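Here the chain labels run A, B and C in written order, and each chain numbers its own residues starting at 1.
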Amino acid sequence: MRTRVLSLLVVLVAWQIGSLLAGELVLPSPVTTISRFGDLMAEGRLPRALVIGLQALAIGGGAAVLVGIPLGIILGVRRRLGQAFDFYFSALYVTPFSAVAPLFVLWFGIDAGARMIFIFFFTLPQIVIVCYQGARSTPDRLIEVARSYQASGRDVFLKTILPYEVPFIFTALRLGVGRAVQGMVIAELLISATQGLGFLITVYGASLDIAAVLAVVLFIMLIGIVASLLVQRLEDAIAPWRHGSSTSGEGSGA
Amino acid sequence: MPERPIKLAVEGLHKTYRTKRPRDTFLRRLLPDLNSETTEVVAIEDLTFDIRAGEFVSIVGPSGCGKTTALRIMDALVPHDGGRVLINGTEVTEPRPECGFVFQDFGLYPWRTVTANVAFGLELRGVAPSERRERARQYINLVGLKGFESHYPHQLSGGMQQRVGIARTLAIEPEILLMDEPFGSLDALTRRIMQFELLRILESQRPTTVVFVTHDLEEALLLSDRILVMTRRPGRCKEIIDIPFDRPRTDAVVDSPEFLELRRHLWESLREEQVGVTDETEARAS
Amino acid sequence: MTATAAPAGKRAGSTTLGTWIGRILRPQVLSIAGFVAVWWLASLGQPRHILPTPFDVLGEIWRMAFETGELWAALQISVVSLLVGGGLALLVGVPLGVLMGASRSVERALDLYVIALYVAPVSALTPLFIFWLGIDLAPRVATVFVFAVPQVIITCFRGARSTPRTHLEVARAFRASRRDIFTKVVVPHEIPYIVTALRLGLGQAIKGMVLAELIVSTTGLGLLLHTYAQLFDTAALIGVVIVLMVLGVLATAAVARLETAITPWRRPA
């Protein structure tokens, strides 16, 4: 813990020194940034923008979860379907999806709906891929055990594949939340918002209020971190047996 | 057995084994597969014995009695808490050049070919490349792997991998060979073949002193001059049995009545200890 | 006790018509054909600026690539930021990741920031980069860098930390020095992870590149996308997007190939 506190202090001091050297206008000091953050919260602009962003996040990301989990499992269980469709999701996952943003603007406009759709498609592949891999990687041995007890196809699914899948679903949720927050920010930056966090950044950036921009940016990043940690906590609480299994779906897009 | 000098002495060895789970760091919370380090408590208490030059001594004992730990302590791979290990009369504080260790899971480097694996120890000792290739070739031939010099470990069967492991250790020409269940992960047939191979190889390398940890009683009987039986945890020396068979040993030894008699004695001696362990494990599990 | 080295040779002369049809009618091929067919049917009767037909899009890709050449020109501009930013990420990330894996105090000192960059939406930083660094190459390089570097660090960290205990123990039994353990055990074990870091980092870097271009949008692909969006030229827009996606997939696949080629000791998957 001491090392960590020390390293935090070092960064804060470096930030302070940097701001003294570069000037408050270019790099506002930590104190200025925090007080500006206080202003924004007090004025209610930041909370309002946050609510708008989180709405899009909840609807777009929630829809991705609702669609992605069953879709991933179905693709994993039905091998033929999986072979036919899995590469769409890995392609969506590895490609720079933000390139689609201008297209979405043409199709869906620039309001909250367009951003929700963007977040949906941004988050979906992550969730499908992890659930797909989970269902597909159910060890044959476990399925054989179930078969040897004359389990029906339905029982094999409900009592073997699905329980095996649970930790993967949580991994999908955790990674999906991160993805969705990133999607939200990209959507707000690219699908020209007239409200929301991205809009705040644009407006304050235009008026050269860098302390405000910094406050908003750091706040958004903090949200992303806290969200990931929260889901991790939830996961530890609900699926404690998963410790030690490597399901952190990194590099799963290949 | 004629009186030969004491090669390796273990005096009143103590070991208390605690593996603390490392505190969670943020990175490890995110990468759960790095998070699993098992907690295990193994203890050795007052273990004492001598091994004379050129002797082949096996250590057997119930699961978890600390026989592997004891072997590791002899090469200072694991620290100990009390007592001492002497090799050629001096206390062991770090891995000794006189010792060569053979690991149960082979411990081959997957990125090195057979030759490069066998040459590993020589390389660390600064032997010139041409000479270490030559010596590696010699030991690869000795263990019967001629023709596989440039294979990678994953291209070899388990038995062949352990042949590489043995060649790698012999290549540094150790006076003492410490072998930790070297054939434990092989199938029964391969294991038997490897046992006779080891006997053959050692005939050509004598006098090499060997300490051999195993849980296979027949293996211990077939290979050893003496067998040390350890008690259940905390591990101590329960008894030391002399094995009278002449060398070189053949298949016939296994079928002799003496062999069967010794095996029964060993088995009973071990069962007493193992029963206690089993009870303990079950008690802890419930 | 046989070597499993000799790969099963491909049976010669088996390319009959039947196997060819079987090879062509793979699920993926069928599914792509189906996708294009559905797209084509959906686009019938739609105005071109809403949903162009697949053939419109192909025509646009052809035009941009081979008639005007604007696609390559834009790509050339964009790739500079990818190479510089990605290269920097490797240069900084690999040693940092290995160091964090090798030393617990370095890990404790830096893990907060690595995780923060890894899970936080770093795209929010691009407007700041524009403010600090202008609208030229620098903010794009910086974006590519912050996209790629946490991935690189974490992959290398994972590699260094996952050095099997027996590998270290063998080295100690053979009396290897700390330096020998590092150069002969930790580093060779790390190499495949570095290539993996390259692959995952490249994927991230491409995403960062495109995003930065879209936000900065004064040159390269970003400008191209913007221009066609302003012109409501949906076919060209989809064309650019498809080319980007294909390039992204190809680049990642190429590095994946490299990954298996560079580490012959790994059991073929």
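The definition used in the following text is that contacts are C-beta pairs under 8 Å (C-beta built on N, C-alpha and C of every residue); 3 or more make two chains touch, one makes a residue touch a chain.
Quick caveat, the model's predicted, so the values are computed rather than measured.
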By count of C-beta pairs in contact, the leading pair of chains: A-C
From subunit B, the most remote chain by mean C-alpha position: A
Central chain of the complex, centres being mean CA coordinates: C
Cα-centroid distance, subunit B relative to subunit C, in whole angstrom: 46
Averaged-CA centre spacing for the pair subunit B and subunit A, given as whole angstrom: 50
Centre-to-centre distance between subunit C and subunit A (centres being mean Cα positions), rounded to whole Å: 19
Residue list for subunit A, restricted to those that touch at least two other chains: 228
Shared-contact residues (touching 2 or more other chains) in subunit C: 108, 111-112, 115, 119, 154
Junction residues of subunit B - those touching two or more other chains: 30-31
Subunit A residues touching subunit C - in the complex, by the definition given at the top: 3-4, 6-8, 11, 26-27, 80, 83-85, 87-88, 91, 94-103, 105-107, 178, 181-182, 184-186, 189-190, 197, 201-202, 205, 208, 210, 213-214, 216-217, 220-222, 224-225, 228, 250-251, 253-254
Touching residues on subunit C, where the partner in the complex is subunit B: 1-5, 100, 107-108, 111-112, 114-115, 118-119, 154, 157-158, 161-162, 166-167, 169-177, 180, 184-185, 188-189, 191, 263-267
Residues of subunit B defined as touching subunit C within the complex: 25-27, 30-31, 34, 75, 77, 94-97, 99-101, 103, 105, 107, 109-112, 120-121, 123-124, 148, 151-157, 159-160, 172, 190, 193
Subunit C to subunit A touching residues, read off their complex: 26-28, 30-31, 35, 49-50, 105, 108-113, 115-116, 119-128, 130-132, 154-155, 196, 199-200, 203, 206-207, 209-211, 214-215, 221, 225-226, 228-229, 232, 234, 237-238, 240-241, 244-245, 248-249, 252-253, 256
